[in-house]
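The first chain written gets the first letter, and so on, giving A, B, C, D, E and F; residue counts start at 1 in each chain.
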Amino acid sequence: MIIDKTKKSKLTAVHSFTVFPQDLNYANSLFGGKVMAEMDIAGVKVVRRALYGTGADGCVTASVDRIDFKKPAFLGDLITMVSEIKTLGKSSIQVKITVTRESIMGDIDYICAANFTFVAMKDKKSFKHGLTFDILEPKEDENESNN
Amino acid sequence: MIIDKTKKSKLTAVHSFTVFPQDLNYANSLFGGKVMAEMDIAGVKVVRRALYGTGADGCVTASVDRIDFKKPAFLGDLITMVSEIKTLGKSSIQVKITVTRESIMGDIDYICAANFTFVAMKDKKSFKHGLTFDILEPKEDENESNN
Amino acid sequence: MIIDKTKKSKLTAVHSFTVFPQDLNYANSLFGGKVMAEMDIAGVKVVRRALYGTGADGCVTASVDRIDFKKPAFLGDLITMVSEIKTLGKSSIQVKITVTRESIMGDIDYICAANFTFVAMKDKKSFKHGLTFDILEPKEDENESNN
Amino acid sequence: MIIDKTKKSKLTAVHSFTVFPQDLNYANSLFGGKVMAEMDIAGVKVVRRALYGTGADGCVTASVDRIDFKKPAFLGDLITMVSEIKTLGKSSIQVKITVTRESIMGDIDYICAANFTFVAMKDKKSFKHGLTFDILEPKEDENESNN
Amino acid sequence: MIIDKTKKSKLTAVHSFTVFPQDLNYANSLFGGKVMAEMDIAGVKVVRRALYGTGADGCVTASVDRIDFKKPAFLGDLITMVSEIKTLGKSSIQVKITVTRESIMGDIDYICAANFTFVAMKDKKSFKHGLTFDILEPKEDENESNN
Amino acid sequence: MIIDKTKKSKLTAVHSFTVFPQDLNYANSLFGGKVMAEMDIAGVKVVRRALYGTGADGCVTASVDRIDFKKPAFLGDLITMVSEIKTLGKSSIQVKITVTRESIMGDIDYICAANFTFVAMKDKKSFKHGLTFDILEPKEDENESNN
């Protein structure tokens, strides 16, 4: 199955959440662990869509590359995560997830980014998804929206 | 402040979540109450963005129009909510929120839609936001993406 | 099956919760979405009791009428929801849910009310519950308790 | 301040919740810890109401008497907790909390009961609430409702 | 099966959690109900380990002895619970759970302790676990670590 | 401040949780995101203890090295995380976190390990903690317990 380069929704997904009191650490900034948990959810969102119609039941997280937290986030911030499929292995799918914060005043800061690798699964075993791309990188102008 | 009709992100927002075991009712379908709670979050997302720079602290929910649940949703479904600003009052903002489900197989169904009215707040009082639109309805071709 | 008008517990139910930090919005008042989610739970409580013995497995939320939030609620408030069965259709049951807040000082305010329509379900299909009432409205003096 | 024996809502409160998947233990029955946590909430509900107007800020849990779990509860059960004020100390209030389950079919079983002792607090210190009763035990006919 | 007295991990377990905003009561101290719920989890942890290899599916909480809360705990405190198996019945296991708080400054206070009785279960019935000890009390020097 | 090598609790901490229904992904195995969130909590536990008495308010997560998930975990598993302080920078503390699962039958598997770097904070700025070790690696025999 070849993913049609014009169907942006097969290549990227947007996930977001708002920072609540229970997401804060000692310094009253957003817990790193909360960010990582939501990045995983953000990655699964684009992967599940890519896997529709392949016969896979879903996917599991296989690995996460290094994450550097560049800026903190605070109570009330709207955290947005953009997931993009970057590489396709036989049963794996590598996704880059970029995280930004949007303050209550509307200011936007980059927080972190990381590559997550997911493995397609069927009947609790890894599954060869058969996906290929014409073009791996979505074109610049397909990325501008800020949903 | 006039909202620029070309800035789609000021007029619409997308919110989503996945149906987990704790979101199910007796019939093993998604609880109506969970849908309504997430619709409120989806509406706040677009309203907070519209209010950036107006001096408002945020908004509160003032009313919700009738909601008819047309289809159920199930465990593992990805629920997507698109919020669009429809009408601007002096201190209120009316948002239409449309809810769809995306099954584990990728099938998409319409679940429901409703109009929510939010009131801009400053110092715990209602606040005249001063927002106006050139064009209230986003054009058709601005709505196609499925993030 | 005729619901005995003297069995108040078949006609009304009381549900309550306390406002916690995670239930607050920007203005430090109770999130509208939280109220709606709990109203759904409150409605299900009286409907499940009415359906005992009818053969139904439970019910799903079919629609919600307009809700106007008249007053905000705050951290520590005890929110009380009284659900009353108002109308019986073939497979549907309409419930009016009235919401009040009780402040930490004991002051009580009306927040909102709305009609929710639930549909009885059996084997994931709508189910004719066969319920009828002698008297739809509980008598005044059956409503005074504040549990 | 003398609590008027005719104001039942000052002497008893009803609290309830539905058993969800996350509340179950190994044996697919309701976790004892969940029951105890909700009993505490049920006790606070009647105590906060008794303390309205006394000058107390609220109360804290001082002790819990022995609890014997007589019956298990299961997924979908509606758990009802009735709290009754039994004894008044200088700054303490002793509450008996009785727990029953209501199955999806409507059957009702006794689960457990326990005495909780709460201490009234003001400015983070224990507070002499000054409450007295004419009659400690609510009369039988004040207890029949099952909200 | 005789539990080897040198295997400390069969006799004691450590459980901990950090106090979050949603765990606080009126007096901004840790809710008694939260403590009790976590004590139950702490008790199950040592009991499940003792039951490995006995054929039991797990255990349920049968009773809890009186609990006196000696000190409050506050936001950010690290609560530590040490569970020790004290007595073995035919199908029951009695556990003493001791709770301490560790403030953000590192100060440690005793909060409470209680005996919980669990019953081993198999196929949703009580199960004779066949466990015996050589020595019921772990020796002093086995308890010093503070994990 | 020199951390005394004989005080194991300053160098390692143990954190654990049980896998609940809401922690599962499509393949009915434990969500990678949940593991990462809990690893962060596990790391903070040992770091907060090391920082007691240094003047720091707490710490924030600065970076996470690559994580490879070697084995899945399942419903009912007890997940144990051992955090060990490995390296001390001027204001940073690097922690290695090792994750294992313990099945309902008592079998233990290695899931993953990763290095997390935390930065000590005071007044929302990074803080030079002044900590040094005599010996960075805890001796073998200090690690055997499985709390």
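The definition used in the following text is that contacts are C-beta pairs under 8 Å (C-beta built on N, C-alpha and C of every residue); 3 or more make two chains touch, one makes a residue touch a chain.
Everything quoted here is computed from the prediction, not taken from an experiment.
Q: When every step has to jump to a touching chain, what is the lowest number of steps that links chain B to chain E?
A: Shortest path length, in steps: 2.
Q: Chain B and chain F are the same sequence; what rotation (0 to 180°, nearest 5) superposes their CA atoms?
A: Between chain B and chain F, the superposition angle is 120 degrees.
Q: How would the chain E/chain F interface be labelled, same or different, where same requires over half of its residue numbers to be shared?
A: Both copies, chain E as well as chain F, present the same residues to each other, with over half of the numbers appearing on both sides.
Q: Calculate how many whole Å lie between the centre of chain A and the centre of chain F, each centre taken as the average of the chain's C-alpha atoms.
A: The answer is 24 Å.
Q: Where the CA atoms of chain A average out and where those of chain B average out, how many Å apart are those spots?
A: Once rounded, the distance between the two centres reads 22 Å.
Q: Going through chain C residue by residue, note those that touch at least 2 other chains and give them in order.
A: In chain C, 21-22, 26, 41, 44, 48, 57-58, 76, 104 touch at least two other chains.
Q: Assign the assembly's chain-to-chain touch graph to one of these shapes: line, ring, star, complete, other.
A: Graph shape, chains as nodes and touching pairs as edges: none of the named types, so other.
Q: Which chains are in touch, pair by pair?
A: Chains touch in the following pairs: A-B, A-C, A-E, A-F, B-C, B-D, B-F, C-D, C-E, D-E, D-F, E-F.
Q: Across the complex, what residues on chain D touch chain E?
A: So the residues of chain D in touch with chain E come to 25-29, 31-34, 36-41, 44, 48, 57-69, 72, 116, 121, 124.
Q: Within the complex, which stretch of chain E touches chain C?
A: Listed in rising order, the residues of chain E that touch chain C are 21-22, 26.
Q: Using the touch definition from the top, list the residues of chain E that touch chain F in their complex.
A: 8-9, 12-16, 18, 41, 45, 48-49, 52-53, 57-58, 76, 78, 102, 104-106, 145-147
Q: Provide the residue numbers of chain A that touch chain C in the complex, in ascending order.
A: Residues 20-22, 76, 104 of chain A touch chain C in their complex.
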